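Before anything else, here is the set of structures, which you'll find just below.
Each of the two complexes below includes chain A, the first together with chain B, the second together with chain C.
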Partner chain A sequence: MENGIRGYHPYVVFFYYICTGFLVMYFKHPLFLATALIILICVNISHDRGKSLRKWMIPLMVMSLFFMVLNPFLVSRGTNILFYFRGKQVTLEATMYGVVMAIALVSVIVMFVSFNILLNGNKFLYIFSKVLPRTAFLLMLAIRFVPLLKSRFDEIRAVQRVRGTTMTVGTLRQRARNGMYMIQVLLTWSLEEAIQTADSMKARGYGIGKKTSYIPYRMEKRDWGWLATLLVLFSVCIWGGMLGYGKIVIYPELGTLHLYVLDWILFVCMTIILAFPLIVEGRERLRWKY
Partner chain B sequence: MEILAVDNISFQYPDMDEYVLDHFSMHVSEGDFVVVCGPSGCGKTTLLRLLKHELAPVGKQSGTITYAGKNVLDYDERTLIEDIGFVFQDPENQIVMDEVMQEIVFGMENLGYSNFEMRKRVAEMVHFFGMEDLLDKKPSELSGGQKQMLNLLSVLLLKPKVLLLDEPTSQLDPVAAKDLIVMLERLNKEMGMTIIIVEHRLEELFAIADQVVMMEKGAITYKGTSREVIESVYTNDDKQFIPYIPSVARLYLSEEKKPIQTGIPLTVKESKAWLASLDSKPKETHEQPIESILEHTKPLLSVKKAYFQYDRYAPLILKNLSLDIHPGEFFALVGGNGSGKTTLLKLCIGMIKAQRGSAKFAGKDIHKLKGKELYERMAYLPQNPQTYFVQDTIEKEMRSVMEQNDIQDGEQEMTNMLALFGIRHLRHRHPYDCSGGELQRAALACMLLAQPDILFVDEPTKGLDPIAKENFANVLKDLHEKGLTIVMVTHDIEFAAKHVERCAMLFDGEVTVDGTPDHLFKGNYFYTTAINRATRLSNRQEVLTLEEAFDQW
Partner chain C sequence: MVNARTYLIVSSIVVLVLLASSILFFQHNAYLLVSFVIIACTMIPFFARFEIRKITGREVVILAILAAIAAVSRVPFAGFPSVQPTSFVIIVTGLVFGAESGFMVGAIAAIVSNFFLGQGPWTPWQMYGWGMMGMMAGLLRNTWWMKKMWGKLIFGFIWGYLFGWFMNAWIVVSNIENMTWEFFISIFVGSIYFDLAHGLSNVFFILIFSTSWIKIMNRFKKKYGLLVSS
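This part shows the complex of A and B:
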């Protein structure tokens, strides 16, 4: 059993991501979005000290800059004109819209990075297998093949390199032909080996009757507790959002950024939802310290 | 009680004239440990598959197979799947799922067990196998031995009464093979499981087996307890089967003046007891001077202070590794799993580049060699020779090699090569229709057309029966005598000790020691041959191979 957030039932974790993904795209208020982004980054750091997020750093920055800069220059909707660029108006609204979109997009990607860490392969498949059991099984077989094919291809490349068949030298035509040869060897060989896999499945009774599935995860009290909490808070957020709180009017004219009491309530709700992994991890860490 | 009975079974594959099994009969009692052996193509795998009803090959079959008193055809599918388990040869290919836990429960899921039952069985058996740490891993992260254990475990969770194994250790290194056999012995002794195993590596199995069956051309040649079989093979001086007999037993039968059947030693312990009863002979203490093996020629291949890791955060696989190969040498590299043998070989053929240090072939950086410099001078025989073949017959493959190398009057050359390797009958065969040993020789025949200077061989003895192994050794020896430099990577110590000139042991990414097989293997506990373990500290001269014993005693 894993610790912290990883120990929670995949359904709960999956529901957390549904809420997060929805809310990040639902609320448009810059304060809400900025807070969401910061929390999500912290969530990522709590998983693996931000190791996987760091790989995304540069593309994320480039992308958000792209949005923030391009949107005001390409879109000239809006009322408050900041200045003119080559005879076109650059408006406050379009700038704001670019910023809001950029933060929302970056948040979604940061969320997926975290999703990838928490609900990796098998947990994800587990969630899927409830809905689409056959597809999930097929997917599992396919995933199993990836490392197999890779190691086989490496072996073929080594052998063929010494034989003078490579994809690194020669004319484009030669390289393509050599590549095809190697793929051909890979396929024939893999098919041959896959017969054994099929035998092994048959020997263990695949396809003789209705399959049950081993359930490695159990919904426990704390899982239900968090699921209920998330659900309540999420409903509050949706309801408030429908009344127009937590959002801003951008076009045609930028509305007020002022926050009312209900806005603050929604803000707290959203923060708690998003910080669910942080709360869990933090509580665990505290328990170890004291 | 008799649990399995094979009566008068004959089996013929479609479109084949010969019978794979010819009026074959065998009876197995409950709790027996049966070892079946014989040269490849003798029908042992077919026999095993017929016993596992779901895997029975298609063909013409006569005779009956009875399981627990009832013909197997009268059973329902489910009972047979549960009661008769099957473990295959290749550890990798049997694994279906992408997570260890999923793989373990695969069979139980298929048979529709309840969650309660699954949890119960998993908890019990995983603990028995001590595999708790592996549950969250991916199968691709496991070693070969662990994979095979996983396969065994997955089959055992269905609680089979009979366990069939088709050469389960042939792809494993000696340590992992030993672990698997010990586990089988436990299952047999502690749980009374009936085990039928087909295997080439027999040194340890003879000591455990209750019944040994030696097969040839679909019929039984020898049958009985281990000692009975050993004795009759030896007294008949049967060239086909003598290589199957453990070397200590052969030593006993040839050295002992009045050999008796019950006295044949099967384990190192028994052989030590027997050796103690021999009159002692003066030992020649000719402490061979560690002669300078380093010849005064320039090395053909030289690796200097190489460091390698696959990833910046991954551990170092090769550490400060230096190695020189001189022209005309027959060199073997031994070492356990994960000691970096394969990586070193990859470095030597230029697949990878050392992060620090160099690897040079005839003075040039190997990683930079390409085209002619590579295929005219080097040859590489991989573990799976089928990766070499691109064309659909062996003849076409040879023609393409000749075209590449501009060989004149190739027809003659080709016929010579085929004759040299004894594979003339394979000329028009598809590579996938050849046995492992045949494929190896065919690949060698193709490679040597180009007359390379150096030959790299990776684990050549994997999956070969003892006769094929000897044939292969002879081929290598011939080539070596003709001046070919051979570099072999292997964990088959017996094979290395018998045939190689110089050995090096790789440990933790470094060449720890380097010398003749004599220097390297004598006196080791583990990295040595069974006969050396028996003769060490005995009344006689310590020997490494059976031939040496005949020679010196």
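This part shows the complex of A and C:
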């Protein structure tokens, strides 16, 4: 049995990501989004001390800078003009929009990094095997084949290098041709092996009955409790957002950034939803200590 | 199982209601979410068909390995921007194994390769783009011009652009509030060279390798009687 958030039922965790993804794209207020980003980064740190997030640091920074800088210069919609650049107006609204978009996009990607850590392999298969069993199976097979094909490809590359076929020297045309030639070798080899894999699957009874999961997940009381909590908070957020709270008017003129009482309520709801893994992990750590 | 017409009517109504409600209740702010629903509605029939269709273990494994090859082949070419044989593998699969298999391999290849290159909100768009590429190759495979080399070349070249435009559409939809014609045009102009590279690399791979790949796959298909009906 795994600890903390990993011990929860995959459905609950999956629902958490649906809520998170939806809300991050739904709210437009900079405070909401900035908080969401910080919480999601903390969630990632709580998984593996931010190891997998660190690989994403540079592309994320480049992408957000790209949006923040490019948007004001590309789009000249808006009323409040900051300055002119080569005769085009650079507006406060477009700048704001660039910032909001950048934070939202980065948050979504940070969320997916955490998604890949929590719902990998078995759990991912479990979620989809109820709805699309064969597609989920096909997907898992394909994912498993990737490391296998990589190691085969390395082998092919080593052999071909002795023959003088490499991808490191020659013109672009030649290198592309050599690369593709090696993939063709990989194709022939793998198709033949695939038939054997399939036959051994059949020998072990593939397709006779319903597929079962290797780990039997069961919905416990705490799973139902969190599912209900998330659902209620999520509905509150959606309802508030429909009334226009938690959002700002950007075009044609930047609206007020002031937060009303209802905004704060939505803010608290959103924070609790997003912090679900942190709350779970934190509570478990407290129990362990005291 | 619901028949095709019912599904079409129901999903069109759902999409229409969502579009209307996104304007009425969300002040044009929810297009990104609506676009996800639309993409889901268009892809569900393909996955449903794959689920109910009679298919052996062998065929599932072959599709999985083709999707994995399509995904992995992005790796050795990571150094060249937009040059990747993924599209080529998907087109060839569509040509040999038919439209349904082409779609499945394209869609699965998109998910699998993104497990390594980064999953994100663009995954459904890539699934759809590559899935449609494989499906169209499968649908057109019996036309007289698709049997000629130049037909395949034109097909590959056009799809380099179609795929690029499709991915541009993702950027536009996720920035819908920002939509001005300048923005729209600048995105499509900005991608011309990348799409050109994609189209040309498709042409290159199809020109040199399609004959041998089709031969290899056809041999397997015949030898083991795979996916013959489709």
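Here is the rule we use: the second predicted complex is superposed on the first by the 235 of 290 C-alpha atoms of A that agree within 3 Å, B and C clash if a C-alpha of one lies under 4 Å from a C-alpha of the other, contacts with A are read in each partner's own complex, and residues count from 1 in each chain.
Here, a residue touches a chain if its C-beta (ideal position, glycine included) is under 8 Å from a C-beta of that chain, and two chains touch if they have at least 3 such contacts.
Since the model is a prediction, treat every value here as computed from it, not as a measurement.
Of the two partner chains placed by superposition, only chain B is touched by A:155; chain C is not. In the superposition on chain A, A:143 contacts both chain B and chain C. Residue contacts after overlaying the shared chain place A:184 against chain B and chain C alike.
In the superposition on chain A, A:163 makes contact with chain B only, while chain C stays out of contact range. Once chain A of one complex is fitted onto chain A of the other, the partner contacts of A:129 are absent, as it touches neither chain B nor chain C. Touch criterion met: A:199 reaches chain B and chain C at once. Put chain B and chain C next to each other and count what each touches on chain A; the higher total goes to C.
Looking at the shared chain after the overlay, A:112 reaches chain C, while chain B stays out of its contact range.
When the two structures are aligned on the shared chain, A:211 is found in touch with chain B, with no touch to chain C.
Residue overlap on chain A between its contacts with chain B in one complex and with chain C in the other: 141, 143, 148, 181, 184, 188, 193-194, 197, 199, 201-202, 206-207. Taken together, the chain C residues at the contact with chain A in this complex read 25-27, 29-30, 32-33, 47, 50-51, 55-58, 60-65, 67-69, 71-73, 75-77, 80, 83, 85, 88, 104, 108-109, 111-112, 115-116, 118-121, 174-175, 177-178, 180, 182-183, 186, 201, 204-205, 208-209, 212-213, 216-217, 220, 224. Across the complex, chain C is touched by residues 21-22, 25-26, 28, 56, 59, 71, 74-77, 94, 97, 101, 105, 108-109, 112, 115-116, 132-135, 137-139, 141-143, 145-146, 148-150, 153, 167, 172-173, 176-177, 179-184, 186-188, 190-191, 193-195, 197-199, 201-202, 206-207, 241-242, 244, 247, 250-251 of chain A.
Only residues 52, 54-55, 77-78, 81-82, 85-86, 88, 90, 92-99, 101-102, 105-115, 118-119, 138-140, 151, 154-155, 158, 346, 349-351, 370-372, 374-375, 378-380, 382-384, 386-390, 404, 432, 447, 456 of chain B touch chain A when the two sit together in their complex.
Within the complex formed with chain B, the chain A residues making contact are 121-122, 140-141, 143-144, 147-148, 151-152, 154-166, 168-169, 181, 184-185, 188-189, 192-194, 196-197, 199-216.
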